[in-house]
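Below is the structure I would like to discuss, written out as structure tokens.
In this document, chain identifiers A, B, C, D and E correspond to the written order of the chains, with residue numbering beginning at 1 in each.
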Amino acid sequence: MSETNNKFEAGIKSNALKAPQRVVFITPKTSAQVKERSDRQLMSYPHLMLRELIAFEVLTILLVVVALVWDAPLEQLANPLLTPNPAKAPWYFLGLQELLHYFPPLVAGIVIPGFVVVALVVIPYFNVNIKGEPVWAADRSRRFLSFIASVGLLLVFLGLYRAWTVLVPTVAIAGLTIVSFFQLKRPHRLITFLQTRPLSWWVMTWFIAVALTLTVVGTFFRGPGWSWVWPWR
Amino acid sequence: MSDVLATTIAGRPEESGRGEIGRRDFFNAIAAGAFGIAGLGALVVTYRYLLPNALFEPSMNFRAGTPDLYPLDSVTYMPDQQVYIVRTADGFYAVSAVCTHLGCNTQWKPEANLIACPCHGSKFKSDGTKVEGPAPRSLPHFAITLTPDGELLVDKLETIKPGQALRV
Amino acid sequence: MKRRDLILFLIIPSIAILSSCQHKPAAAPANPLLNAYDVEQSSTDPQRLIPLNYQQAQGKRVFNNNCVWCHADSTPAGPSNRSNLTPTPPLFTDGETFNSLSDDLMRNTITLGGSAMGKSAIMPPWGQTLTPDEIRAVLAYARAVAQPPYKASARPASQ
Amino acid sequence: MTAKKMGEISTRLRAIFALVSVAFVAVLAVSPVRDFFQSWKRYEKNYVSYAQTRPDTKRLLADFHPGIDQIWLPEMRVLDRCTTCHQGISQTSLSDASVPQPFRAHPAIPHDVKKWGCVVCHRGQGPATEISEAHETTLAWEQPLLPIRFIQASCGVCHRADLPQTPKLNRGRELLSQLNCSGCHHLQDIERPAMLGPDLSNVGNKLTRQWIYKWLKEPHTVVDSSGNTVVDGYETVEEPRMPQFRLTDPEIKALSAYLTTLKGQPIEPAKFDQGVVASLQKSPDLADQGEVRFRQMFCTTCHSLAVTQGDETKLIGGNIGPELTKVGSKINPDWLVAWLRDPQSYLPHALMPRYRWSDQDLYKVTQYINTRLTDPELLSNVPPLEEPAQEEIRLGQRLFLEKGCASCHVIQGVSPQKDFGPDLAILGSKNVSQLEFGNSSIPRNIISYIQAKITDPLSVNPAARMPQYRLTPTDLDAITTALLGMTGSPANSSLARLIVPRAQGAFHPAGAFGELSDRYKCAACHRFNGDGGNLAPELSFEGSRAQRQWIMDFLKNPQTLRPTLIFRMPQFNLTDQDASVIADYLGMVTQSAAVKLSAVDQKQFTPQMAEMGKQLYEVKYQCNACHTIGSAGGYVGPNLSNAGNWLNAAWIEEWLKNPQALVPGTIEPRRSLTEQEVQALTAYVLTLKQKAPGSAGTTAGGAQ
Amino acid sequence: MTTEEMLNRLRATRAWMSIFRRGPARTNRTRSLAIFGNVFLHLLPVKVREQSLRVRATYYLGTISFFMFVVLTLTGIFLMFYYHPAAPQAYLDMKDLRFVVSNGVFLRNMHRVAAHIMVIAVFWHMFHVFYRGGYRPPHEFNWAIGVVLLLLTLLLSYTGYLLPWDQLAFWAITVGTNILSSAPFVGPQLRYLLLGGNLVGENALLRFYVLHCVILPLLAALLIAVHFWRIRKDGGLTVGESNERDK
């Protein structure tokens, strides 16, 4: 059944150690026996096609409804002499603009976004933790210490720049990470879930939390002079 | 997309019960019909969308100044409007300066007393009557009236029969 | 599951259709004074303000320039000349005198003067001093401020 | 799993697909349907059905074109689609008020509505085809329809010169200039005069610290408890030009201390001829004599006094100079004498004429002012003020700049702050987003902003330095109109062609007449070729109108020609030589090209013609309705009793033919007189002669 | 059934056959041929795992992103009929779309909404794929293409932001390009290049227009094709695996 899916071809020059192609993971809990996948195969045509068509229709319906009730904004004619206060970038750049409020332009405008993009591109080429092992799975105390140290450094750095809107989600995520470190007697389902997360999951979650916070703050909570305002006021 | 529709309509499994088939056909017909309506509607809407509702073109009627600007028996070309204002003993009339052949701008040749088209050699009399050349028709006359404050008003949207001159 | 889908499919288009009938805010009730070009105090009731439109306001201007000297009791420069005249000209707000006169008669009197209409010659003709528009405007103003109020006859005013 | 299953889709999925497809079509159809029922289409349909009910249906429908109707003025960047709904805008048959909007015709205005469109005057969003978008403020358009009562602002955008049709706008501009708004603000076309408030370099010699304190606290003669300006219980509308600043008591003390120290030029004690003083001092009615002289010289033409008649107290007099009811309690008597002798030596730009006083007159008048125009209670609520301390003076000096006093008042050696108040020259074209409303609860539109800012500056900005003005609602609307009309220089040159500029004429005659004009400030009241005051007759063509001898006599003993006028020409006590200089200048320079003095020969007028003219004057044209001869006649036109000595024959003829051609806007109606009638009337008027003018003061009376 | 007969007769015509070259897709073979034989569909695999069709598996985020791209292309082409990339005219065109063009405001709204949804969908898609481990070998290159597509999406949306030439557009672009110019060494030059000058002006509008309507969509379309092709070549979507591990 899965002859095309997980086929592992060892070419002449291929080196499984250098470029591992996953066949199957063998953990202490599982056996090396290859099970047939439980999933069935369906013809793309018509199954995929029809579902995509329905998805397209549903999406278009939603789009049209929004387009009918919400008018695309149009402000006054561009006037280079009259700067609105605050002048805001498109919403997806407001996270960046919020960063620029705290950090020098070089850091916030180039270093951080550049680092994020480069990191995203190179993630798959570093074969760290290919198994997706939970972060506290091994070497617990050493890892915990280095985690505390790096988070502490980060917080000090953010605190120095008074970057509160970055600091708060960082503290929140770090707190969750620390919670997941401790083994509870009657762990909650959420805790159990967190405890099985690998480091990459935590980094990504931290990134999303920070990016989301920054964007939301930049979009809704920033008023004239980039001061803090409440959106309902 | 039509392929998918064709399949949903045509793809009938033989072993299923008749009621099931009937329902499937019904749904298929609805879906196909909906798509058909959507397609036709999209065509109509696209046509309506592409049809401009407001034009930014120069006005089709213009003021040509007071009648005393034009000497008797003269042909005056209005370069901005592509119209000749002709004054004869009968009165005023406005002749289109656009050749009826392929739309070139004609020129008034006072020495020959003719309106000539530089593109393909059509020639017209000063009242627009075709003399020779490939042009299929004489030059049309536009409606010309006098405004309350005494200026000539030419309406290029309204063509009139030749021979109706405005007496001032 | 199926029923839920069905309801969903019915709701979405109905929302869409409802959205097309977006509520248009009703126009605020027009306050005649707020939308007036100018206002004039009523001659009988100083508390009451009479809204004037553009034409009537222009009439007021012409009146205050040319007519006020004989057809009102006070002028921009002080007391008027009215008491000095025999026969005493009617006040411009005198509806009892003017309301019964037709627009044409009023206009002709202003244009051609009193003597031309068989009235006192102390009313000079204004036809060469004021434009027909200005005379119409003065008349419109007098009609607007008349006490008792002037009611136009059923026949529409000729232009 | 069979191959069939792999390719077959379930009925449920098909059902979902069918339902979603139906919903898809339904939702997609909404926008086209909505498009079909647009409001402007509805109005067009309504117009057609309304036209069916009108008597001239055929003509109305012939002019009706379905679809978007637009007026496009590319050089003005104006796009106007208002006529899409306002279909009847230029249909004269739809002009009466019973026609429902939006179909009613526009009242007749000097501009062609179909050519200029609507938004040029009414503002609003021209391209819009929806009611709210066109008329109201939106995110994309912050210039909503101008309320009709401010519509004259739009006239002012192009017509920078005053128009007779726009009294409200003219009044607003006049107020902006009168209230010295240009002291702190840059305003369009309202020039900052050479001097706004008095020069204070010498004020310490003129005033006491107590009085300055009182004035800064209440810059009105008397203010009642509710803050209204009152004179002995009578509320006046004339605002003193000095507005009320919000000053704290220490600030007022400091400023008064500072100003008291300003004694640039010592005032010499008043010197009168000892004989004059001695002879007059004893007379018991000295002040009464002074009052008579005060009135004879028509001081009240420029200055007002509170006069109580019965229960009513009124300010009587002009507002060119300050109100004088209590001035005797204000000023240093020595300063008064010096000022009256030569106002310009104290204030170079003062409008006050330099009279040729005799010592007697001056002594009498100053005695009158110092003893009668007083109020012992005036300074009663001023706290005791000691000698100014150095600290106070320093603080006062600082405050003088900070509070903007220096913007209107000159003190030698003190230069005012640049751009003290905001530039208002383009206020009218500003968007709401450009206005600082602060946290106020004012509606967010420019009209509310302007009115709130003027009536209560603190309501908009708690830190505002702008003083408080008290304006009547009419004046407030007038000022708002004028400010809304200030939209700055036009965006492009083709628009600039439309601007009718404000005449910036300046009347600066040279030579001997120039000196006299400077001394007697003729242009303060009279207008010469577009420049000057509006108080007295325009003198641009006086040389054509009046005979030289009459001018001389008039200057030496001014008599009023129009009994209804309150304001009279003051008596300047001119010498014969001065009078002849003025008469010569007027005779030579102020000539109208239309009047050819030499063309009319006095001899051509016969007594028969004069007799016929008398008939015409008294019977046919009833000129006596407006003009007085002797003691009978109307008050509207000038008194003609002495017209034969006054007017030139050629002027009378031209005047009778077409008065408006000589003096535009004059009241005298133009009548269709035959040449013969003109001659006859001229002949008659020339016979109207009085004996040599009577002694001074015979014509007192009238309104005073 | 007359419609069916008519359809069948139509399918039997030579013209139909010349275009589609096959009969109705009633067997799995013909269904496979329908995918193979179509220049667009052949980017897709012939068969897909049932698991990957489940809504919860992918939330159709990639599909949504792609459809948004399609909708944006279509509405964008229509909007171009009424758009002049010139300074005040661009803004006036917005007004005309709003007030006189039939369905103009609807199309503009659609375009705007779809742009926002596409940005959100692409971000969400990326996060979702990351949590699913979809970046792991052999999908690493497709992940990189995805990251590039994310950047292209942002750029498309950003360049489109200027086109209405209103205050919002002008200042968003001014702020945005100033962020760019803070880059060391190349920043100011890059901004100069992007704006075609030192200010956000006519040149910038034209450049953004060309980028928004020609360069970036073509690039995105190309990469989307590669992205799809790669999914098929890398053995389908990464779904079901984390579930499997949880078991």
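Points worth noting:
Quick note on the criterion: a residue touches a chain if its C-beta (ideal position, glycine included) is under 8 Å from a C-beta of that chain, and two chains touch if they have at least 3 such contacts.
Note that the structure is predicted; figures quoted are calculated from it, not measured.
For the pair chain A and chain B, chains touching both partners: D, E.
For the criterion of most C-beta pairs in contact, the winning chain pair is A-E.
In whole angstrom, the spacing between the mean C-alpha positions of chain A and chain D is 69.
Averaged Cα coordinates give chain C a centre that lies 63 Å from the centre of chain E.
The mean-CA centres of chain C and chain D are about 25 angstrom from one another, to the nearest whole unit. Measuring from the averaged C-alpha position of chain A to that of chain C gives a distance of 71 Å. In chain C, the positions touching at least two other chains are 12-13, 16, 19-20. Chain contacts: chain E has residues 25, 28, 31, 34, 47, 88, 95-96, 98, 100, 102-103, 106, 166 touching two or more partner chains.
Of all residues in chain D, those touching 2 or more other chains are 6-7, 9, 15-17, 19-24, 27-28, 30-32, 34-35, 68, 81, 140, listed in ascending order.
Of all residues in chain B, those touching chain E in their complex are 3, 6-7, 9-11, 29, 45-46, 48-54. Residue ranges of chain E in contact with chain D, taken from their complex: 27-28, 31, 47, 88, 92, 95-96, 98-100, 102-103, 106, 166. On the side of chain D, the complex with chain B involves touching residues 4, 7-9, 11, 14-15, 17-19, 21-22, 24-25, 28-29, 31-32, 35, 67-68, 70, 72, 74, 81. Residues of chain D that touch chain E in their complex: 3, 6-7, 31-32, 34-35, 68, 77, 79, 81, 127-130, 133, 140.
Residues of chain A that touch chain D in their complex: 40-43, 45-47, 50-51, 53-54, 57-58, 60-61, 64-65, 67-68, 73-76, 82, 84.
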